[in-house]
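A short write-up of the structure that comes next.
Which chain is which? They are A, B, C and D, in the order written, and residues in each are numbered from 1.
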Amino acid sequence: MTRSILQSLKVIFKTDVRVFVYPSSATGAWEAALTNTLSPGDRVLLFEHGFFAFKWARVAERLGLTVDLVPGDWRVGLDAGALRERLAADPDHLIKAVLVVHNETSTGVTTRIPPLRGAMDEIGHPALLMVDAVSSLAATDLQHDGWGIDVTVSGSQKALMLPPGLSFTAVSEKALQASTNAALPRSYWDWGDMVRFNDNGFFPYTPATNLLYGLREAAAMLEEEGLERAFARHARHAEATRRAVDAWGLENVALNANEYSNAATSVFVPDGSDADHLRRIILDRFDMSLGKGLGQLEGRVFRIGHLGDLNDLTLAGTLAGVEMGLRAAGVPHRAGGAQLACEFLSDIPLENDG
Amino acid sequence: MTRSILQSLKVIFKTDVRVFVYPSSATGAWEAALTNTLSPGDRVLLFEHGFFAFKWARVAERLGLTVDLVPGDWRVGLDAGALRERLAADPDHLIKAVLVVHNETSTGVTTRIPPLRGAMDEIGHPALLMVDAVSSLAATDLQHDGWGIDVTVSGSQKALMLPPGLSFTAVSEKALQASTNAALPRSYWDWGDMVRFNDNGFFPYTPATNLLYGLREAAAMLEEEGLERAFARHARHAEATRRAVDAWGLENVALNANEYSNAATSVFVPDGSDADHLRRIILDRFDMSLGKGLGQLEGRVFRIGHLGDLNDLTLAGTLAGVEMGLRAAGVPHRAGGAQLACEFLSDIPLENDG
Amino acid sequence: MTRSILQSLKVIFKTDVRVFVYPSSATGAWEAALTNTLSPGDRVLLFEHGFFAFKWARVAERLGLTVDLVPGDWRVGLDAGALRERLAADPDHLIKAVLVVHNETSTGVTTRIPPLRGAMDEIGHPALLMVDAVSSLAATDLQHDGWGIDVTVSGSQKALMLPPGLSFTAVSEKALQASTNAALPRSYWDWGDMVRFNDNGFFPYTPATNLLYGLREAAAMLEEEGLERAFARHARHAEATRRAVDAWGLENVALNANEYSNAATSVFVPDGSDADHLRRIILDRFDMSLGKGLGQLEGRVFRIGHLGDLNDLTLAGTLAGVEMGLRAAGVPHRAGGAQLACEFLSDIPLENDG
Amino acid sequence: MTRSILQSLKVIFKTDVRVFVYPSSATGAWEAALTNTLSPGDRVLLFEHGFFAFKWARVAERLGLTVDLVPGDWRVGLDAGALRERLAADPDHLIKAVLVVHNETSTGVTTRIPPLRGAMDEIGHPALLMVDAVSSLAATDLQHDGWGIDVTVSGSQKALMLPPGLSFTAVSEKALQASTNAALPRSYWDWGDMVRFNDNGFFPYTPATNLLYGLREAAAMLEEEGLERAFARHARHAEATRRAVDAWGLENVALNANEYSNAATSVFVPDGSDADHLRRIILDRFDMSLGKGLGQLEGRVFRIGHLGDLNDLTLAGTLAGVEMGLRAAGVPHRAGGAQLACEFLSDIPLENDG
């Protein structure tokens, strides 16, 4: 069973190298990515485009790494030009790793990875490219090998539709090679042990067996639907959601159309309104829990998740609930967004999306 | 456990006499009502106001009873005047039982029971009053004792939110008395055995144990919510549904406002449209199964159920799905019904309904 | 799904004709067998070889049939000679049906059916042969067609390993033919409706859907194991149980080795001991519920079930529990029965049983 | 919910200080214990009395600690005299922590903790006392506060009867104090974050929610049974198991009666027999999986677990299965051990154990 689970994860990460599974939250997979490839004091580069980029930087600091955290605009993704500029300013290659959040759950902004890899290759910078795919894996395209990612980390509880408790790390040959010299202390997260045990069909310590059974089911469901079709379904629901948001006259946090997230949409409430009051009304009255604004967006933003095991009617109910909540909470908006989204879903079936 | 389950059913039926539980579909409880109280050739009176009245008449015929099935308009409930007239024309009291469907699932029409009892009392006719409460129990008020019903039959799979496989029969003292002389052969359905075994905390034969456990949970959930509050919740969702239907410009099968069903609404499609085509589109595209038109309503009607474990968002999703289906199937209608229903739900919380 | 379930039941009953499924206890299937084939006052023949034969006779009486209940010895099965004699004494063929319990759960005696059919054929008596296979189906060989049975009734909760709530009736062409003239009133149990609806993939009324899903699983498990292999497994566990009983110095209710039940073994406690006291000790101390002595065996007998989803270790634990109970309750016995049974199970694997 | 779960863990660990919960295997809790209290190069002392002591030493080494691993006899627990001697030889208090496995799952030997604390106090050595209670928690008495333990680590999948995926760390005030100066890098395992978030009813990152629900149930079950009563039940089953082992003429790995484990018994097969062959036979023939010999015991030992949700009959079935396996595999032994264990269980009810 171990082997077949690891194999199906390789399909989902689109890699031929290796994926490791930890009994841990996704936060643990961040730590695994760093401790296996880096040494104390090594420099890592992050751009703060959202809450989770900031959190990952904190983890790196605590582990004894030197963190270059470049301030940034939370409403856009990481720009390849900015990355190139920073790396070009590091001719001695002190920067050992670039850490990027693929889909920022906090903002609903998806950074395009291939241009980043392009920039790194262009100037020949050897830093490892590490990507947080916690909320993008299985919801939007991600090509670990094809995009030249060195370490991709993700978890069980988003588009894989499982309870939390498992994390994943896909690695490149270069990252595996780096792990042989990396001097950060590690035991639980050690890839070497993982390789040795996995190759015999085992784990180095007791795995979270019941979650692994769930993972097998989730992988089978994804295989049945087809990965590309699952992406199209998420894209369609994201588009319907944005149409509702526009019709309500509310503002999407994400500024660039080519960075809209398949997984979640973050929405500003109008000035003078309290997003958390709205969220509380919706929870109390309609038993629906929306994501809160994180970090600098606290109180100004609510987040609509549209990932996982969602169909058109579930999304229709979700958007109706938001509109009912806007009305009940007295948040200024134009009525009709949910209806418009439904009309979109009704007119454009999934089959025609491709 | 037997005793506590029977006790909670008495609360739900609002009776102090007895409720029997059969491992059977609700159809079996019809049969139990008749075989325990009547003798071969006995005359029973029914008014055909819908599909299930007609089906019950068929059961009575097969059991060897003489059935007076009075044709009627499916769009209205049974009128006390019509009943009085019929019974007045039976001075010899040949009619031994009057069989009434409380809520006609096929039409969304709820017959008011108390006026019927009033009519029977007024002219002093001794026939037993039997009520089918399969789709009304726990969704709308029903008072077995208070309304002078002799036999109320129901089942597990509607507002009690259980899988099918259990049926219930609440009885009056008069019905129990009638069972001592009733000559229709019976064994499985026999009340005498039920009384004897139930009084010792058992059933006369192996009960459907896992459904009984479910029933215990369902009864606890109803008790927690409160019966009257559950009725109000159903009434509110029924009202929201009717507002959507009106806004779509479609016609409710039920004609009289005081007979609107708490449990389900039946809706005519416009002439020239095919209700079953619409239902198929909604099933294929949006994975939602609507009830079909039954009997004389086949192809002309679709039915929206709004009973059981439903909250505002589930109903919003349901109505959105209907509107999306109307659009996708090209059924002439005005857009906006689902939105109007949501606005109603948003403006009038359950707490203010009472 | 309806069709595939009905088809797998035909495999289990070894019939090419029809099997009907009722949402009811197995008691209901008795009633179905009788009401569909017989008319008021018809004579049926039963031999009282146990508690359930007696109960079935009671059902027949209540339905208005004339019952010839021949007293018999509970420790043996129905003898073909006795049947032939009785039928030979009925030259006018007033007896319309012979009712036989295949495996008497109360005694652990299995009546061999083929000799009975042989006796009926030999003297050319046209009565229907009806067989209660409630506790034999799937635990011991039963050939509805091959043995010339007209109606076989069974239920969900024994060797099919399901919760109670479903009953089954396999019928012969002759029985179906009889149903066209049978005058006993019937509606819920009516085969005619069943045929009409089943042929379209439906049931005449709401089926117990969740139990049907379970039935599908149980049939798949049986198919995977193989019916004959399941019989061998049951036979092996029955033999191990009898070896334990013998070693304890206790007496099996079943007298004839060729009538030992695959499904359950009934055991006398020694004179002066109270079987129900023993059962209570075993329940209180070891959390295991043994069957009680039924009817004339009350207090003198305990019953060990060895059917369903049982493996060697479960049986070993069961027999150890009985021996521990005998010791704890002070019932005179020789120690070592459970060990002997384990040695038998250890020495003779299932593979060599065939 | 967070608070009530943490509170019930404090009851189970018998501490008034704090318990932390990680989404990880128990191995992770070892790492948490070390990284939060120690600095690179710090010296820790372990005595190798079994496989898990050895594994813990490996974790400490990998994290950059200096490990004094004292070789020892796997058949006995850690002796207070040996500990005192070692600590007395460290007048400069270079040893910062003593790491002890309470119950060695590999050997079935339980080290008594209070004498160790006594020895440390006697010579006034300030090292932290860390105890692995993975397989002892809830199966045998453990008093985090009462015994003066500084860090106790455990996991979800042993006597708490949960799937693997959660680990626990109980800490003393002294350990919390040490964490403020400990310089080992840490992020995922950091107690500081745990304290801050737990105090607000949260976790620092997504917890393994479904396992937390299970933990709540397990804690409720333990509370209902009573901790001391659960210990007595385990002790009784351990005693029954040892009686069977003795009767078989086999040798317990554990040498000292006051170190016998409540949770598991490790048994040598006779010279010339292969424990893994025996285990395979038992798995194939009787579908029971016994623990394998670990480390130096590989092939020579099988392990019988008797912890968790076990009652007398389950244990009886387990021991019968072992004896059946010994017989089927041709391992030399005397018959009758399972029976003797059953007689013990039958004669000495749990109530009289206290």
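The rule is simple: a contact is a pair of C-beta atoms (placed from the backbone, for glycine too) under 8 Å apart; a residue touches a chain by one contact, two chains touch by 3 or more.
Everything numeric in this text was worked out from a predicted model, so none of it was measured.
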Contacts common to chain B and chain C (chain labels): none
Number of hops, chain A to chain C, where each hop joins two touching chains: 2
Centroid spacing, where centroids are CA-atom means, of chain B and chain D in whole angstrom: 59
Where chain A and chain D are represented by their mean Cα positions, the distance between them in whole Å: 38
Mean-CA-position distance for chain D and chain C (Å): 49
Where chain B touches two or more other chains at once, by residue number: none
Footprint of chain A on chain D - complex, ascending: 22-28, 31, 40, 58-59, 62-64, 155, 157, 163-165, 184-188, 190, 204-211
Complex interface listing, chain B residues touching chain A: 285-288, 311-314, 316-318, 320-321, 323-325, 327-328, 335-336, 338-339, 342-343, 345-347, 349
